[in-house]
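Presented sequentially are two complexes of chain A, the first with chain B as partner and the second with chain C.
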Partner chain A sequence: MDKFWNSLADLDRRWLFALTFLAISIPLLTGIVLPQKVTPMVENVFNAIDELPSGTKILMPLDYDPSAEGELQPMADAFLRHAAQKNHKIYFMTIWPTGVAMIQRQVATLKKEYPEYVYGEDYVNLGYRPGYEGVIKLITSDLPKLYGADQQGTPVAKIPMMADIDNIKQFPLIVNVSAGDPGLKQWVQYAATPFDSIEIVGGTTGVQASTLYPYIPNQMIGMIAGIKPAAEYEKLMFEKYPEIEKRPNSNMANVFMTSQEVAHFMLIGIIILGNLVMWQTSGRRDQS
Partner chain B sequence: MLKRTIPLIIASIVGIVLILAKFSHPIQSWETEVVMWFDILAVFAFVLGAGNLNLNNLKKISERKAGWGYAAITLLAFWITLICGIGKLGVPPNEKYLAYAWSGSYEAEGSAFWWIFNYVYVPLAATMFATLAFYISSAAFRAFRANNVEASLLLLTALLVLVAQTSSGPMLTDQIPEESAWAIFKIDTIRGTLVNLFNTLGTRAIMIGIALGVVSTSLKVLMGVDQSYLGGD
Partner chain C sequence: MKQSNVVWIVVMLLAGAYLSWRAVSYQAGAVYVAPKIVVDADSGKSFTTWSKVPKVESNNLGVEISWPRTLGIWLSALFTLAIFSFLFGDNVFYKVAESIFVGSSAAYAMVVGFWSAFMGIFVAQLAPQFAQKTFMPGDDRTEPEWLMLIPLAMGIMFLWRLMPTGGWISRWPLAFFIAVFAGLRLVSHFEADFVVQIKSTILPLIVFAEDGSFDLRTSLWNSIMVLGTLCCLTYFFFSVEHTGVVGKISRVGIYLLMITFGVGFALTVMSRYSLLIGRMNFLLKDWLNLGASL
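What follows is the complex of A and B.
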């Protein structure tokens, strides 16, 4: 028995890497989806978009990069599909240089799944502006001052849906997806908190969530933190708008969630095993 | 004088004016102006950053320091990406201005910059981040040990949060009725308590501490007591 525990104590970490690989990849390849229990916060975020009258102006800043895409893209897609389903007017922008490409993905999804959405009338891509939270501060008072043109260089004066936009106080809701600073925290601090007319919901990575919980519910309606709430959001969306479920890759959060579920249980097993090994071998190692 | 006193005076005046602008309607628009300056200056930060990147890496290459090959790759990647972006290599013309070859956006689909971003940067960034999963599993086995009371508490909390972040975890305690005294042991309730009580309390305490620190540092800057932002001679 001692030999068994000692061999575990000296376990080559490549076995753990292989186990991790299998735990993550098998559920992804099988595409199995597990049932989700929707939490109240996800319901609040869903309702924030769903209860707005059709055609409401929504500001959608996408402040993330490819490294967080695996976790954030499913929720960004869910927000987009939900907003488009409600015929909301979508204003894309980003304060991350890499966010431009993330917006491009969203625009591509819109063009493919909602061909009736017309650029300049139903959605606009304002692109990236440098200045981090300085951008947010400025557009709370004067948006055209910073955004003279959209991402393609078209003057905002020539974009119909920008005609009556002076600042972001004219957006009843901000839907931000962010992977760090500047991101959701700054949108809450500089846009949603000082102005009662602006509400905010967000999507963020699991690791960032702990710093954002203190803003809920007074300064932020709620947030989707990680893949699990994103999967719950998809479930709510499919229940209300079943046609979305038929679209390709519309349930990515649910597929990813199965993978995460197996990986979490694997981690729990590894932690317990690691501690058992420690308890079984520490006494003997001390003696030796 | 030029190096320290004038910058100190500028910082104090701008800071005080911005504080006053919050409370005085006639000068409220000044805040917008100053933030605009900040946003313009932020653009120059990229130029400074690029200059610094080139300087440091060229120095490393010329002195043949350890890892100079990586510095060369960094510079090569930087210049190729910059040339592809600024030169709009492979950019298809804008649909509205087909006669003008350079009218398309630098990141338009099919352009060299777009290709670099999607087929070099995206896979590299995603791979770097995904690799963490493997190291986490290795660390979980070797480092996450209940050696003492504090570590045991941390371990227990982590295990509960891990279980709560699964779909089936909370279902394990679904049989406990909401109104029963045992409801506090439901995984959802435990997670809610950890997140909404302990985490929120701790984070708020840190945030308030940081805010007070910011106020104190700002006052020092406004009064010229803290000059560290001017750098050393």
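What follows is the complex of A and C.
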């Protein structure tokens, strides 16, 4: 028995990497989806978009980059599909230079899945502006001052859906997806907190979540933090709009979450086993 | 050579052989595109756009393989594997991939910044007619925004530090920006993270529902919020020695802080796994065409 515990104590860490690879790959390859229980916060975020009248103007700042894509793309896609399903007017923007590519990806999804959406009338890509939180501060009072043209260089005066936009206080809802600073925290600090008329929901990484929870519910309606609530959001969306589920990649968060759950079980098992190994071998090692 | 290293070399060689076989037999990473003729409403000119189609449609009329996109998938996959190779220790593949990632990210941010900020805001406002003739043909502004000369001057002052003498000039715009951001952050943090947070903690400990019945759940929740906040604040209150009742309260504060750190750590683990799953999904599906479609 001692030999068994000692062999575990000296286990090559690469076996754990291989185990992680299998734990993640098998659910991805099989497409198995484990059921999710929807939590009240995700329901609040869903309702914030769903209860708005059709055609409402939504500001969608996408402040993330490809390095956070694995975690944030499923929720960004879910927000987009939900907003488009409700025929909301979508205003894309970013305060991250690398966020431009993320917006382009969303625009491509919109063109493919919602061909009836017309650029300039139903959605617009305002692109990137430098200045970090200064951008948010400025557009709370004067949006055209900073956004004279869209991402393609078309003057906003020539974009129909920008005609009556003076500042972001005119948007009934901001839907932000962010991977760090500046991001959701700054949108709360500079837009949602000083102006009662601005409501915000967000999607963010798990790493950021614990610093953002205190803003709920007084300064932010709710938040999707990580892949788990994103999977819950997809579930709610599929229940209300079953046609979305048939679209390719529409249940990405659920598939990812299944991999995540298997990996978590594996991790918990490894932690317990590691402690057992330590408990079994520590006495003998001390003696030696 | 250690036995475990031999085992892993064999595993890696087998994986490499499988990838080579997969690449040849199943056209790993191949991206197929279909043409679409688009007519510009303003000019009447037509042009062709190419959009990605599933592999099952590869035999359809007009569908062809896109070599640039296929190359992109392969480069992306190989760079991902190069980064993963760090699990076996620092090596030249990891270093090359890391350097290219940092370099290309910086270059991308610089180009986007140049066209969005320098050309899109600064040049377009200071020289609108030039902008119309070159990169913003739709812009109908004619009068220059002379106020833009102020940021121009500050930009030049910023760059002055590169000159052999007079480097101190760059401190003036730097001081201006520090002051502006300090002012902005002071106000926003004070309001969002101090005043409103205090307000959010002032909660009724005994709550009655709309029908007049006692709301146990909300009462309990509010009590935990208020008492928990007080316990944590007590832990950071060093003007009184942490003994007796104060010591016990601060001890509860420590436990609550530990729970918070635990939650934060668990969320971080979940976050990192998500990123790994995202890359694995790319490798298995987009690159190797394996498994069930989402």
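Rule of thumb we're sticking to: the second predicted complex is superposed on the first by the 288 of 288 C-alpha atoms of A that agree within 3 Å, B and C clash if a C-alpha of one lies under 4 Å from a C-alpha of the other, contacts with A are read in each partner's own complex, and residues count from 1 in each chain.
One rule holds in what follows: a residue touches a chain if its C-beta (ideal position, glycine included) is under 8 Å from a C-beta of that chain, and two chains touch if they have at least 3 such contacts.
Everything numeric here is computed off the predicted structure, so don't read it as measured data.
Trainee: Now for A:E69: first (chain B), second (chain C), both, or neither, which partner does it touch?
Mentor: Both partners, chain B and chain C.
Trainee: Once the shared chain is lined up, is A:L273 touching chain B (first), chain C (second), both, or neither of them?
Mentor: The first partner, chain B, only.
Trainee: Output check: A:K37 vs chain B and chain C. Expected answer is one of first, second, both, neither. What do you get?
Mentor: Only chain B; A:K37 stays clear of chain C.
Trainee: Return first, second, both or neither, reflecting whether A:A231 touches chain B, chain C, both chains, or no partner chain.
Mentor: A:A231 sits against chain B, while chain C stays out of touch.
Trainee: Looking at the overlay, what does A:F265 touch: chain B (first), chain C (second), both, or neither?
Mentor: first
Trainee: If you stack the two complexes on chain A, which partner ends up touching A:Q104: first (chain B), second (chain C), both, or neither?
Mentor: So A:Q104 only meets chain B here.
Trainee: Regarding the shared-chain residue A:S141, is it in contact with chain B (first), chain C (second), both, or neither?
Mentor: Only chain B is touched by A:S141; chain C is not.
Trainee: Could you look at A:S250 and tell me whether it touches chain B, chain C, both or neither (first, second, both, neither)?
Mentor: Touch partner of A:S250: chain C, not chain B.
Trainee: Would you sort A:L19 into first (chain B), second (chain C), both or neither based on which partner it touches?
Mentor: In the superposed model, A:L19 contacts chain B only, not chain C.
Trainee: Can you list the residues of chain A that meet both chain B and chain C?
Mentor: Chain A residues touching both partners: 17, 20-21, 24, 65, 67-70, 98, 100-101, 129-130, 134, 137, 146, 153, 206, 210, 214, 226, 228, 260, 263-264, 267.
Trainee: Could you pull out which chain C residues touch chain A in their complex?
Mentor: Touch list, chain C to chain A: 4, 8, 11, 51, 87-88, 105, 108-109, 112-113, 116-117, 120-121, 124-125, 135-141, 180-181, 184-185, 188-189, 191-193, 196-197, 199-200, 260, 263-264, 267-271, 273-281, 284-285, 290-294.
Trainee: Show which residues of chain A lie in contact with chain B when the two form their complex.
Mentor: 11, 13, 16-17, 19-21, 24, 34-37, 39, 65-70, 98, 100-101, 104, 129-132, 134-135, 137-138, 141-142, 145-146, 151-153, 206, 210-211, 213-214, 226, 228, 231, 257, 260-261, 263-268, 270-271, 273-275, 278
Trainee: Using the touch rule from the top, collect the residues of chain A that touch chain C in their complex.
Mentor: Touch list, chain A to chain C: 12, 14, 17-18, 20-21, 24-25, 28-31, 65, 67-71, 73, 97-98, 100-101, 112, 127-130, 133-134, 137, 146, 148-149, 153-155, 157-158, 186, 188-190, 193-194, 205-207, 209-210, 214-215, 218-219, 225-228, 248-252, 255-256, 259-260, 263-264, 267.
Trainee: What residues on chain B touch chain A, complex-wise?
Mentor: Per the touch definition, chain B meets chain A at residues 29, 31-32, 35-36, 38-39, 42-43, 45-46, 94, 105, 107, 109, 117-118, 121-122, 125-126, 128-130, 133-134, 136-138, 140-142, 144-147, 155, 158-159, 162-163, 165-171, 188, 195-196, 199-200, 203-204, 207.
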